[in-house]
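Look at the two complexes coming up: subunit A is in both, with subunit B in one and subunit C in the other.
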Partner chain A sequence: MQADTSPDASIGAPAEPVLAVEDLTIRFHGQSIDMIDGVDFSIEKGKTLCLVGESGCGKSVTSLAAMGLLSRKAATIRKGAVRFKGRELLALSTREMEKLRGGDMAMIFQEPMTSLNPVFTVGEQVAEAVRRHRRCSRSEARERALEMFRRVRIPAPEKRLDDYPHQLSGGMRQRVMIAMALANDPALLIADEPTTALDVTIQAQILDLMRELQEETGAALLLITHDLGVVGEIADDVAVMYAGRVIEKGTVQAVFSDPQHPYTLGLMGSMPSLSGGRGRLMTIAGSVPPPALMPAGCRFATRCPFADDHCRTHRPETTVTADGHGFACFKAPLEMLVGGEAA
Partner chain B sequence: MTVIPETGAETLGRQESRAWKKLKSNKIAIFGFAMVMFFIVIAVLAPVLPIADPNATSWTAIRQPPSAAHWLGTDEIGRDIFSRMIWGAQASLLAGVVSVAIAVTLGVPFGLISGYFGGWTDQIIQRMTDALLAMPFLILAIALAAFLGPSLTNAMIAIGLSAMPIFIRLTRGQVLAVKTEDYVEGARAIGLSHGKIIRRYILPNVFPPILVQATLTVATAIIAEASLSFLGLGQQPPSPSWGSMLNTAKNFLSQAPWMALWPGIAIFMVVIGFNLLGDGLRDALDPREN
Partner chain C sequence: MLSYIGRRLLIAIPTLIIVSIFVFSLQKILPGDPVLAMAGEDRNPETLEYLREKYRLNDPVIHQYFYWIGGALQGDLGISLRTNQPVTQLIAAKLPVTIQLAIMSMIFAFAIGIPMGILSAVKKGTVLDYVANIVALSGLSIPNFWLGIMLILLVSVNLGWLPASGYEPFFRDPIRSLETMIMPAFVLGTALAATLMRHTRSAMLGVLQADYVRTARAKGLSEKAVILKHTFRNAVLPIVTLSALLFGELLAGAVLTEQIFTIPGFGKLIVDAVFNRDYAVVQGVVLCTAIGFILMNLVADVLYVLLNPRMRQAL
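Right after this comes the complex of A and B.
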């Protein structure tokens, strides 16, 4: 109550983003470079932002830092800000963070098979999340859990409440996780590869469910994925990360139809499509350099077909066009370089 | 409104009955449970059973073999061994259970803190555990009991402290495995505090091995109590305990072997009982097994 002084509901004022990450810079102990280097993005109410990139590019670390779940023993946040509804999260005490987590901001993890406590029934666990953030009796919390189970369309919800995690399939467990995350009507939901561990038909169901629930609740969704198919299906905006930096961001239409960074272009080319050509998929040569060999300039320079000495030594700033499409590349626009190939 | 609390109670019932059902279907565990219960009932009922005074001596019935008057015979000053066995069960079981309770209540929290928080706390607790573990269990118990002075209470404290490092180690190891589980991070993500996570997420998941270890340690502690009493550091005369009865009996092995036989069998049975029960509990309490 006392903290809600931000004018987030005032009509006419420009919409304040639910989550704004600004210049976030994180270094792991014992490493010489920043694992997360100046990451910037924001999500507005009711919108979905997909954070895309290959494994190890820092997507999950960024989301953990936003949730305040990054272990201080492992890493230090060197600079930057994480603002949630205008509140600076990095300055909050552990206790204040605990109040927010699972209440106003919630998270779903990649592995539904192991994300639930095996010794309690799934109903008890959802009820526990409810009781952590609301004053209510056990039976009211259970009633709320049941309501959430219905909303995430778990069949026979009354019976499933009393099931232990091992009695449910992966898809059902992920529904339970979603029910638990949404039980306190969060303003922000962070989902870290929520469908990666599920098979394809279940993936589609879970994505549909998340989209529907988001429309119902108006929550902002930060979806972390490496699957561009998922991005195309669910995202409003997309931010592409490479080696700890956001190298391109904008609306899905802008980024997908007119990618400006060679890495994004490479990602697009490496995505199989049903309608597309029959040729070989494009690959991006090489791999992410280890920290010691990371170039001082653009981090993609070691793999970029267009890189020159300037790229290797100077860090490209993010250029933002009028429609909010941002990219960090000296060589943009790429059309000049690749001619018709990219189209 | 009235329906909901009922279903809540049913949930709890269900959970209990699941473990109970599994335990019941395990015949060996039930056998162990029956043995343990048999001794517990005897120990509890000792004051009301129509048996002879365990400390009443009789110069006319010294070292008599089992007979209709003295079912298990008499000892070197004519006390009824049957009666002393029953009263001795109290000392043995009490020593076993209380000393393990001491070991668990001290050891498990240390292990939880050590494993969960790591760092310096962990280092300090673990080095102290190392030091305690460097001494053999019984030697440590004897040393502590001798230091505290001979009495059953002190023997229980000594045994409990000696058994504590095992529980610290066991708990810490389990915590290290459990705390990296995704559901612990999930618990952080729903805003639970460290204290609550330790109580609700870590402890229940490390509990089954601790329970099994506790049951097995009860058996060890009963033997340790017998050993301490045998050495005169436990139950003090004339009060009976199985260990002190063995102690006296060793002097009359050739003349009155029954004096040693009954306490020996009793210790063996109650130890086996606790071991079988412990194994059964381990299987029954694991929610991951079907």
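Right after this comes the complex of A and C.
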């Protein structure tokens, strides 16, 4: 279920994950702390991992780094590994990375309204992705684009092929993006908040479509979202990020039913009922501190009701339980603490 | 599309009427009396009166305007007060010269300005970007006449590679024609290249930030395809509009450049006409230039629509 190196964490012989991000550490130029600090997670074939966290926590940066789309002018990957089917991506040349991108690993973005080039027809844009990764003629690529339009259930696909992006609605454009991403049967699809910019009804349709296509193709899905409702609906596993660190991860059941990190608890807006009917204990007060004020220890310490001096100065390592539920908090398990405080 | 061009042409008509009124007013506003200039030493009132009658200068101004514009619509722009040749004929003789100069300057401007703009945007913040910007700034700051004179000194006088002045019609002797034209075209083109480079750079920088450029990279396209196809194809839109405006700058620059290289073109025609109070010629040349400028803008607008599917649908 996860790729932690802790000896007691593995269940049986784990299959090789499609994507494994290990200790990924990224610093933006001109900043004094690492924007992404030791991020670890992995996704297996056919599984969906949701990367959750509030805006600016580094979800998108992590995914862009995995795709090799992070501008070298803006940031440096200081350490860590991104392994795709066992291949270390960070060591690949630009050429090799181009071959993977849009082929075996594909990505769709948050803003369907601006993610398609306004001066080319959507058919051309999908066919272009096909031609880049397959040896085929223009008409074969167009055929494939048409087939993909059918699969993402774009109505009247033959006509839509020759439409320009501005002629389509946001939901249709996102379907085009999905068609483009899946056109070359990728083993991994990264979706960065694919439904955030869409109407609620369209959101559900797009999520259903993605789940369906994933079942058909067996692709691994890395879904980035801040919407816990989406996570509950679609994910197998979840990794919660806060200020550039993964602070809790595990199966959806484990994390949702028994959250261990105060931030996860805050995200869910509730505390376990173990506190003995004292009602809700907390929401997340304050905001993420700016890089200059980030505590040296646990990055959540400035907003955590349980934090003490130790938390502020020492970095909590990830503890992983037997069922693969990992969390990085000195105070976990929180039940004891909450009970103690209540007393 | 055709109806769009038709509509744009209709819109051009009021513009042209306003321009024609302005051009006509020139002779009324400018100091000096053309009749005195024509009569020369002979200040006999009868002669002056005869000339005024002959050229209808005693008619009400409105009548004079309609007389002039009526002729202009039939291709008759009057007679040069100095040479007695029809103005249309004078213009027809000089126009090809300036058109050749304009085309060659534009080629220089595009060939230098656009690649430099793309490169400096892609390599933003590198030495190459700084060098390109310094070159562009120099191009903008160095006056045409100075660059022209320096080039004549270097290339013609010292090296003897190219003729310093003169003109040869392109269809009579293409090579000789290019030889005489290449330096003036370069001088005129560099100033425009600098403007083009600056605008290409900023347009490219804007588009490079676009989400769809990231999508293009996410598809696995090579950097070349990302830049030249997905980015430049969008960045070119403002450049099309700019080019039409640069055409005006080009015509203004041609006046000076033609003087320096003694090219018998439009610029020289208008300068001579102004100095000689040859109003008919001044009016004709300015009217022609205005029509040319309006046409260039029309072409740019049509191109813009052709290149921009979002506009096509709005037609």
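Assume the second predicted complex is superposed on the first by the 311 of 343 C-alpha atoms of A that agree within 3 Å, B and C clash if a C-alpha of one lies under 4 Å from a C-alpha of the other, contacts with A are read in each partner's own complex, and residues count from 1 in each chain.
Keep in mind that, in the parts below, a contact is a pair of C-beta atoms (placed from the backbone, for glycine too) under 8 Å apart; a residue touches a chain by one contact, two chains touch by 3 or more.
None of these values were measured; they are calculated from a predicted model.
Engineer: On the A-aligned overlay, A:D162 touches which partner chain: subunit B = first, subunit C = second, or both, or neither?
Structural biologist: First partner only.
Engineer: Determine, under the contact definition given at the top, whether A:K99 touches first (subunit B), second (subunit C), both, or neither.
Structural biologist: both
Engineer: After the superposition on A, what does A:S139 contact: first (subunit B), second (subunit C), both or neither?
Structural biologist: A:S139 contacts subunit B only, not subunit C.
Engineer: Between subunit B and subunit C, whom does A:R72 touch in the aligned arrangement: first, second, both, or neither?
Structural biologist: In the superposed model, A:R72 contacts neither subunit B nor subunit C.
Engineer: Is there a shared patch on subunit A that both subunit B and subunit C touch, and which residues make it up?
Structural biologist: Common interface on subunit A, subunit B vs subunit C: 67, 69, 73, 98-103, 106-107, 109, 111, 114-121, 128-129, 132-133, 164, 166, 177, 180-181.
Engineer: Which residues of subunit A touch subunit B once you look at their complex with the stated criterion?
Structural biologist: Interface residues on the subunit A side: 67, 69, 73, 95, 98-103, 106-107, 109, 111, 114-121, 123-124, 128-129, 132-133, 138-139, 142-143, 161-162, 164, 166, 177, 180-181.
Engineer: Quick one: which bits of subunit C touch subunit A in the complex? Just the residue numbers, please.
Structural biologist: Subunit C reaches subunit A through residues 125, 210-212, 214-223, 230, 233-234, 307-310, 313.
Engineer: Help me check something: in the complex, which residues belonging to subunit A touch subunit C?
Structural biologist: Interface residues on subunit A, with respect to subunit C: 67, 69, 73, 94, 98-103, 106-107, 109, 111, 114-121, 128-129, 132-133, 164, 166-167, 177, 180-181.
Engineer: Under the definition above, what is the set of subunit B residues touching subunit A in their complex?
Structural biologist: 1, 4-5, 7-8, 10-11, 14-15, 118-119, 181-183, 185-193, 200-201, 204-205, 207, 287-288
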